[in-house]
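What follows is a group of structures, each given as structure tokens.
One chain, chain A, appears in both complexes that follow, with chain B as partner in the first and chain C in the second.
Our next item is the complex of A and B:
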């Protein structure tokens, strides 16, 4: 019998290394020269990072299970962020949700205040997201970018229809952009090209290919991410950005994580099912190449952190 | 892995005698590669060459069947490393471990729970596939007794787990006709266990403790002894080690056509996990990355449902998104003053919207546009859910005859289409619904309550 040769693929490319954070605490994501966790084949210099989603006002619509898990910390984004770091968050995703016109319609002043407070409370790097309405995003993210100068945060979402203002704010303050496209490999690459054409460096972009939760389009996200990662490793520099996935938000949006009444016994109890829903979504996307997973439930944060550690350790 | 014409040509006599009806050996080889002619048409091909060509034409990973009847489990025969390259074919079999030193009452209730577990999701049934009976007692008669207890409750396929050939045989005497998977031949017991697989004509798992080299040797040994249906356990148990081993096995089988590892793989996530929660995560890794059979140590609905959903997601054919037929659907018993909503025919979109409308308590009309199985945002981005398509759907399915009002609710994600739509559908008021299905209930309460 012939000896078994280790089947190693040769990759010409490397995922861009993106630096985040200030002097007190830096974080690097990306840098892989092989597929997720295949240590026998190439380098994985930085473990995927676990981010915790914090909102700038208590999210009334969150599932009771989730709200109970954070308790009073949710009343104040800075204490929420602090608690998230205690649970093991590598970074914080700060959603400026209150700026949405249907919410409190807060403006740049409030955004500046919130960002400053969170930054002075935790050293962990920050990703700041606007409310998802172009004009408001531009308004509050520009203010946030200035407030966070020197701390190299990430700002999002840059989308094909609205990226120029946010990219300009990134360039002016040495921040990172989060580029979001709807589950399609060419749209993702195209937006990266547009952003780089404006002058932002490829190592200052995280890309969000749009997350589908388990049972709700996960397989689309999974395959688009696998294709982007393969393209990046094959040398396509505009596909080689670290990937960012809003796992918690998508998983907890679904009926499986919320419904408590009138559901089949085969679904099991709500807490078990909801937590597994978030965890399995995260796990699957980590295997497709996620470099940052944004989570919501503290127990999920701990379990995914521990799992990443295991995936990074050769037994 | 199919051979190319050139590779086939190397095995032919190269005499161009034309007896096969082709002008040259090369032409014959090309035709054979495209399956346009049978190898037997060439009378001069040597037996060795014929054997080599036949072996090369076999699928790179064997299809293995466990169990009999309509609940049998078929695994293997995979042809790609990434689902987007084509599709994964035979969903991972999920088996639940039953230990033979558990009290019989416990075995019975576990078996009853697993056997009756079933739920429907996007029109498909999700259920576990069978049981793995583990000879923890090290006692052959307890093992056979446990098998009998399971069989009294369920006919699902079995894995028989024991290191002891005599224990395996007591169980095989009872269920050897039903093609259980024998687990496992290893470096200590291979002779006896391989014999059993031959005698009872059952699929055989082999387990290595010392790497893929040993696994290939054992598999080769079993194949040479005449066992055709083999399942591989590389012996790795952790998150990183099993990902590495399973990836290598899949690559060796598919890309190197390495026969000794061209078989389905079995894993035991419970043995690599510290808690039942972690077991689900490791099982999830194995569903995505290359396990064909998973044996679970714990079973509970709250864990099984997400895991079975993941299996469904990963094994969905990417070229054929699950679709529902376009048309006018009713939720509850709508009347001519009930809400009219439109969305796409991507099955998940349909099921989430229909579910939320149902839950809202408003009987409604739901129009489904043909977006070739794409979701709202994706189909909009691809130009398959634009104002024209929506207008065509409204007219094509005669929405004007279903409702007296002229109000159409469109998904919030395509709010930009509103103006254009009001031009396309004159006389209709276009209402922008929520971006997310979950908010439909609140939306209808707000805008439709009176």
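Our next item is the complex of A and C:
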């Protein structure tokens, strides 16, 4: 066979580099000048980061495989985070789930306490997410932002209908915002513009294009991420934010990751299947340009970390 | 370019009220203003009008014909209303519209033949929005052309409409729509006429952006073969672009840019913006809009800022 010359694209743009964490442990995501893992074409200065999802109270609805894998650590977010770091987490996503009005409806005081405890237990950078109700998000995230001053955490979710208070808290405490849009490219860019209009720097934003799990809209998420990444590399600074994907949450929500009865025998063993569902969703989105994937199962964390390491090795 | 004035539209609250109150003066004034600004057709959109459709359309046609002899474009999905209106028109009217579904073609094509009217045919079938230039051309060839032949309507009397989708959410559909326009003009000899709902492109965009999107989209579509547009004749800037293209007025930098967009698209290319002086904010905004329409720059409501 005649030798084939590898086509090399020259990109004008660069993905913003976002710094997270405090003096003890810093993490940078983004900074790419090429598509995922194409080392021959441009720079990928930082490997994609693997985050582990920790909730501020034990999540009763999680699948038995997940609960068994974390055991008693789930009783306390600080112990859970510590164990996650031991499994290789580059950073921790701390969900303030208990603040949801339908949950324990906890408030800013509890949020502050939880964040302080987690931060004093682990050095790993933190991404703090509210319960997803605008009013409560604003309340607990402002408290969390203050408690985490000096540790440069990320706060989310900023959405088109609710971002101003969270952005103000980011600006006041030098934190990063997570901007979430519903698998919609035009809105993703627009929200970045709106946030920057408020005065937050473009290198203080992670964008969440909304993850669809394998079999549940993964291809839509993939196309939107691909298009955003191409635009960012072509020089569109308002599309050049590192991307953040809540993989574990979406993958473990699906029937394939949960069902043990009434399904074809060919689906096989639940544990194997559920872990693969999360792993393949994560891998696909890493290939679409994800800079942070949030996972749930410790074994999947280890598998994804190992794969990333291989893909980051330059020949 | 044939301008089909879009201002008499049931979606406008004032128009709706005027129809309900049989307020002739309001409708007549709106008709005259559009005609004075150069509309070749006045679109009379009365909506589906399930009850009393024929009466409403007859009243509209009579009301407008009292003050102007501009051609009328009758815009309703109600077949009885359409026929009642067509029967009253003194000047050759336009049926707006049929699509490519058998039911609509069977309802509207015979009316165009019977009343010797022109007709707008959308390349849209029941199976969802068209996704490519090919899909649009296929609908024209396989559904619209046979229905026209069957009813004795000349291809040269049909306005094919590729169905313009909103840029917000369908940015990758802009170029296929333009591409469809090119194919339409090659479909038959003599070729069909072409039209489009120009304002569709900006639906949902912030009000200050909409006229700019229309002004830049127009020379692209014209270059590709657009003969006519359903648009707002009261938009002076849009009518200025129409005039610039028709008189090839290159006396201003803006005029030269619009002409160059037109020429590039007429040559089957995309716009050449390499030599535009973007230190002029007006030209810069036009260039940004070209890039957005060509899907080279992601559309966002604030794209002019980026």
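Observations on the structure shown:
Assume the second predicted complex is superposed on the first by the 310 of 315 C-alpha atoms of A that agree within 3 Å, B and C clash if a C-alpha of one lies under 4 Å from a C-alpha of the other, contacts with A are read in each partner's own complex, and residues count from 1 in each chain.
The definition used in the following text is that a contact is a pair of C-beta atoms (placed from the backbone, for glycine too) under 8 Å apart; a residue touches a chain by one contact, two chains touch by 3 or more.
What you are looking at is a predicted structure, and each value in this text was computed from that prediction instead of being measured.
In the three-chain model built by superposing on chain A, chain B fits alongside chain C with no clash. When the two structures are aligned on the shared chain, A:168 is found in touch with neither chain B nor chain C. Taking the Cα centre of chain A as vertex, the centres of chain B and chain C in the superposed model span 60°, given to the nearest 10. Once chain A of one complex is fitted onto chain A of the other, the partner contacts of A:236 are limited to chain C, with no touch recorded for chain B.
Contacts of A:227 after superposition on the shared chain: both chain B and chain C are touched.
By the touch criterion defined above, A:193 reaches chain C but does not reach chain B.
By the touch criterion stated above, A:184 is placed in contact with chain B and with chain C alike.
Once the two complexes are laid over each other on the shared chain, residue contacts for A:28 go to neither chain B nor chain C.
Counting the residues of chain A that each partner touches, chain B and chain C differ, and the larger count belongs to B.
Once the two complexes are overlaid on the shared chain, A:255 sits against chain B while remaining clear of chain C. Taken over all C-alpha pairs, chain B and chain C come no nearer than 6 Å in the superposed arrangement.
In the superposition on chain A, the residues of chain A touched by chain B in one structure and by chain C in the other are 184, 187, 227.
The residues of chain A lying in touch with chain B in their complex are 1, 3-7, 9, 35, 37-40, 182-184, 187, 210, 214-220, 222-223, 226-227, 230, 253-256, 258, 264-269, 271-273, 275-277, 279-280, 283-284, 287-288, 303, 306-307, 310-315. Note for the complex: chain B touches chain A at residues 82-84, 117-119, 121, 211-213, 216-217, 220, 236, 238-241, 243-244, 247-248, 251-252, 255-256, 258, 260-261, 277-278, 280-281, 284-285, 288-289, 300-307, 309-310, 312-314, 316, 318, 348, 352, 355, 375, 377-378, 381, 436, 438.
Contact residues on chain C toward chain A in their complex (touch as defined above): 168-169, 171, 296-303, 305-306. Residue ranges on chain A touching chain C, taken from their complex, read 184-187, 189-190, 193-194, 197, 227-228, 231, 234, 236-239.
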